[in-house]
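Each in structure tokens, the structures are laid out below.
Shared between the two complexes below is chain A, which has chain B as its partner in the first and chain C in the second.
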Partner chain A sequence: MKKNKLTLKDMSTASGQLVELKQEEFMKLPNPYDTPEAQPPLKSLSDEVREKFECDLDGFMAIKIIRPKSREEEERLVNKFLDGLRKLLSKENNWTFFMPLMLSLEYCAKCQTCSDACPIYVSSGKNEVYRPTFRSEALRSIVDKYIRKKGSLYLKMTGNEIELNWKMVARLAELAYRCTLCRRCAQTCPIGVDNGLITHELRKLFSQELGIAPEEIHAKGSVQHLQKGSSTGMIKQAFADTLEFLEDDIEEKIGRRITMPIDKKGAEILLIHNAGEYLSWPENPSAFAIIFDAAGVDYTLSSEIVGYDAVNYGLWYDDFQLARVALKHAQIAKDLGVKKIVVGECGHAHKAISVIADRILIGDLNIPRESCIPILEDIVVNEKIKLDPRKNNFPVTLHDPCNMVRLMGIVEPQRRILRKIAPRFREMEPHGVENYCCGGGSGFAIMPSLNFPDWRSGVSARMKFKQILDAFQDVIDPSIKKMVCAPCSNCKGAIRDLLAYYNAWEKTGIAYTGLVEFIVNAMVDVKEPYIEWPEF
Partner chain B sequence: MTWLPYLSYISVLVLVVGIFAKVIKYLRMPIHLRWELYPIPHEKKDGSYFEEVDWWKKPRKKHYLNQIIFMAQEILFIRALYHHNRKMWYASFPFHFGLYLVIGWLALLVGGALLKIFWVASGLAETLLAVAVVVGVTGMILGIIGCVGLLIIRATSSDLHGYTAPVDYFNILFIFAVLGSGIIAWVSADPRFSIVQEYIRRLITFSAATTTSKTIAWHIALFSLFLIYLPFTHMTHFFMKYFMWDKVRFEDEPNFRGSDMEGKIAKALTYTQNWSAPHIQTGKKWSETASKGVE
Partner chain C sequence: MAKVMLGGKEVEVDEDGFIQEPDLWDQNVAIDLAKTEGVQDMGEKHWKLVNYIREYYQKFGIAPMVRKLCKDCDLKLKEIYEMFPSGPAKGACKVAGLPKPTGCV
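== the complex of A and B ==
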């Protein structure tokens, strides 16, 4: 274990676990979590797991990389890493991000302005290994020495004299999953360097060349999505059954049956939800159905495989998986003859299909895509349905999903909705484009294996928890029920786990839900409360 | 010192070719996927066109003036550093602003020299020279203060020390030497910068440019060497910001059917990729790999 201040060279030379996290050094949390006893302990990996898998970074594990059995295997993997790096730096193999990557690799002034913008670095008590520039500098050093083959004087002058070995590669792979790609760091850079992008590209290198990625994102994520129809594993028949169940549930809740349109040719809108909603928060797609039905929106869902799941995990780690899912979504929309694709409350799906895939979809696959938020704003603000804000008379704060806000610029419509229907709405600080990630970004929310969830709730989501607590400090008594509005499935998942990890409902009375649930809860025609609070 | 003008000519040539080569290198790069980051100053405050229903049917309003103002604040006053790293800004702002003034000083000297070449006995040239003294000396002093501040911060800050390489100290010291030699030349040999301007005039007219002052010669030599060195360093971020901000961070141009952009994307999709992970069919065109799916 490294005792003194960590340096880049330690990535390849230090033996065993590189750093150990100490909870007493973590950023302090507000009341009622301002004592050491209020912090749940972080779980350690078992000796068996440590023996089998590479976990020599910080004692947590996002990717299960089996330890190589021989020196030859290590060398083969290191060489493969270098092959991948060469491809990352070639325009044919990596046209998708070639220019942004080259710029970010070549122009960092090492001023460290980005560090304090990173919630993971700050929350960890400024642990060096999580500094946004740490992994970027490691990659720059490898590029200079092993790809550009700079001379020894140059390497000495630039401080890029590190050794590349398997330890370094394995630690870099794990370190690529200690950043949520929220890109808050890039927002503060006076030059425009983007450490989030470098992390993204590092993830791509591991996936596209070495086939290394967290199984929840790849094998059980995008591969399952493309092969079975959904990253949740939901097959076509199960989707149809789920909708039937939702229709029954809606009838029970609001006293009338609503049919959710499926595969309706020529509809105005193809609405795609994150399929995780159907399983974990069925009240969310149900709320969309109730609102769209009441407002007379002409839409359809798709029962085609991939078409009923908006997620696109490739956004986080693999350009080809990203393109495959985006092309499938567009093809389904084209076959249905819809005028546009609208994405439900899922931040990364918003960005994947609206922003990133914008330069993959060409010709008749370039079907207009938009967020659900402006349509909801139009319905609420222009009073296309009858709403009574008094039905939401409890403290509410809004979480801004990074993909929707900082990375897409959808900032105000969700606020205008809440101001209209939630009289006790208050902002977190900072908010809008300067928000903090939920801690579950870039796939972390769906990575529940081993002790990674502890790291997520203890470190990467810590800043969000602090923000939520700060927003409700005046009503922190658990007898006052209050709600976090998180209009994104992955953010909701991260916040759900975060609140459970800190036992927050019991201790503070804080719960969470999506945006559409607030709208339905305020609908005059819906007599019973739509929002369901957890039970004590 | 007959070598001095040759060094000056070489420095200008290397600088121009170096900058040109870098710009061309980036201009020739293929189109990339969008990777914008908000706020984007040519959009509405903090938000984007994605906030509107049917955004693609509406005329795009790009507030270019806002973007120019934003970038002017960023370049002239190092806005991001002011907001997010105030300690560094106290050194970085005088450093950069000093350098901008030195560039202005050089422009005034060149301008004055051109007036003298093409407009004999011009009073305007003398005025420019007088302004150049104020601008140049202020710039050099600010730059020197900035250099000293940056050296201290980099050497003493626990955040920066571990990430500051020898070349970073060398770069600051090099600029310190260029600016310091300028101040020495001004104080000891050329209080009106008329000798330096005459040197520039002779360079422009390909006359025998030289100077008898060793301090001025040292300053010109160091300045020339710095211009030769500059294109090979990350200090070229002063113009590469165009790509980093305009072509990546603020680049939110949508792709419409039949547009030039669509043509560029179609071309990029024909690139052959050879990634070798099992889920990628190596050796195929990018578009084929993407449309084929996982096997």
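== the complex of A and C ==
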């Protein structure tokens, strides 16, 4: 274990676990979590797991890389890493992100403005290994020495004389999963260097060249999405069964039967939800159905495989998987003859289909894609349905999904909705494009294995928890029920686990839900409260 | 992946204790899986829930949505947490022999 200040060289030379996290060094949380006793312990990996898998970074594990059995195997993997790196750095093989990657590798002035913008670095008590530039510098050093073959004097002067060996590669793989790709660092950089992009490209290298990726986002994620229809494993029949259940459930709740339109040719909108909503937060797609029905929106859902799950995990780690899913989404929209695709409350799906896929969708596949939020804004603000804000008379704060605000600039519509229908809405600070990630970004929310969830709730989501607590300090007593509005499935998953980890409902009365739930809760025609509070 | 003894037979489980060969599941396997979840005594209600999950999984290849589960088994979510402290997905589904939940759930 490294006792002194960590340097890049340690990545390839230190034996065993590189750094040990100390909870007493973590960023302090506000009341009632301002004591050491209020911090849930971080679980350690068992000796059996440590022996079997590469986990020599910080004692946590996001990817399960089986330790190579021989030197030859290690060398083979290191060489593959170099092959992949060469591809990343060539226009022909990396046409998607070649230019921004080159710019970010070339121009970092090492001013460290980005460090204080990174919630993981700050929350960890400024642990060097999580500094946004640490990972980038490691990659830059490898590029300088092994690809550009700079002389040893240059490498010494830049402090970049590192050794590329298996230890370095294995630690880099894990380190590529200690950043949520929130890109707050890129936003604050005076010259636009994007450490989030460098992390993304590293993940890509590992997935596309070495077949190394967390199983939750690859094998059980995008692969399952393409094969079965959804990353949840939901097959077509299960989707049909689910919708049938939801229609019954809606009728029971609001006293009126609403049909959820499926595969309606020529509808104006193809609405795609993150399929996790159907399973874990069915009140969300149901709320969309109620609102769209009341407002007379001409839309359809798709029952085609992939068409009923908006997720596109490839966005986080693999351009090929990203393209496969995006093309399928567009093809389904084209076959249905809709005018546009509208993405439900899912941040990364917003970015994947609306922004990143734009260069992949050519010709008549380039169907307009939109966020659901401005459509909802139009319905609420222009009073297309009857709403009574008094029905949302409890404190509410809003979490901004990074992909909606920072990446796409969708900032005001969700606020105009809440200002109209939630009289006790208050902002968390900072918010909008300056927001902090929920801690579950880039796949972390759906990686529940071993002790990784502890790292997420303890470190990567720590800043979000602080923000939520700060926003409610004046009403922190658990007898006052309050809501975090999080219009994104991944963010909801991370916030759900975060609140459970800190037992926050019991201690502070804080619960969470999406955005559409507030709208239906305020609907005059819906007599019973729509928002459900935890039962315990 | 590792092999462990469950219900008197060797079954492969993942790092989080979910069985990898759903076909090997039977009541005795479930009883031992329940113990790993801190459930010492599988009562009537436990079986009703586990069997419901199992049947749904065999039909549709996934766990039922929690809302449906509560409704069809006439249980409140709170009661499920009392029966299986890790909750429906990580607790009850594990005992029912389902693989670990996937996707944004």
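One rule holds in what follows: the second predicted complex is superposed on the first by the 536 of 536 C-alpha atoms of A that agree within 3 Å, B and C clash if a C-alpha of one lies under 4 Å from a C-alpha of the other, contacts with A are read in each partner's own complex, and residues count from 1 in each chain.
One rule holds in what follows: contacts are C-beta pairs under 8 Å (C-beta built on N, C-alpha and C of every residue); 3 or more make two chains touch, one makes a residue touch a chain.
Note that the structure is predicted; figures quoted are calculated from it, not measured.
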item	value
Partner chain(s) touched by A:I258 [first = chain B, second = chain C, both, neither]	neither
Touching partner for A:S231 - first (chain B), second (chain C), both, neither	second
Which of chain B and chain C A:I362 touches, first, second, both or neither	first
First (chain B), second (chain C), both or neither touched by A:T113	first
Touching partner for A:N490 - first (chain B), second (chain C), both, neither	second
Contacts of A:I480 with chain B and chain C, given as first, second, both or neither	neither
First (chain B), second (chain C), both or neither touched by A:L42	neither
Chain C versus chain B, contacts on chain A by residue	B
Where chain A meets both chain C and chain B, residue numbers	none
Touching residues on chain A, where the partner in the complex is chain B	5, 7, 80, 83-84, 87, 91-93, 95-100, 102-103, 106-113, 115-117, 128, 133, 137, 156-160, 183, 186-194, 197, 207-211, 218, 222-223, 226-227, 319-321, 323-324, 327-328, 340, 354-356, 358-364, 366, 368, 370-371, 373-375, 378, 405-413, 432-433
In the complex, chain A residues that touch chain C	48-49, 64, 216, 220-221, 224-225, 228, 230-235, 237-238, 241-242, 245, 249, 274-280, 282-283, 309, 311, 346, 445-446, 448-450, 489-490, 493, 535-536
In the complex, chain C residues that touch chain A	2, 14-16, 59-63, 65-68, 71, 76-78, 81, 90, 100-105
Footprint of chain A on chain B - complex, ascending	26, 29-40, 43, 46-56, 74, 78-81, 83-85, 88, 92, 158-160, 162-168, 170, 234, 236-237, 240-241, 243-245, 247-249, 252, 254-257, 261-262, 265-266, 268-269, 271-280, 286, 289-294
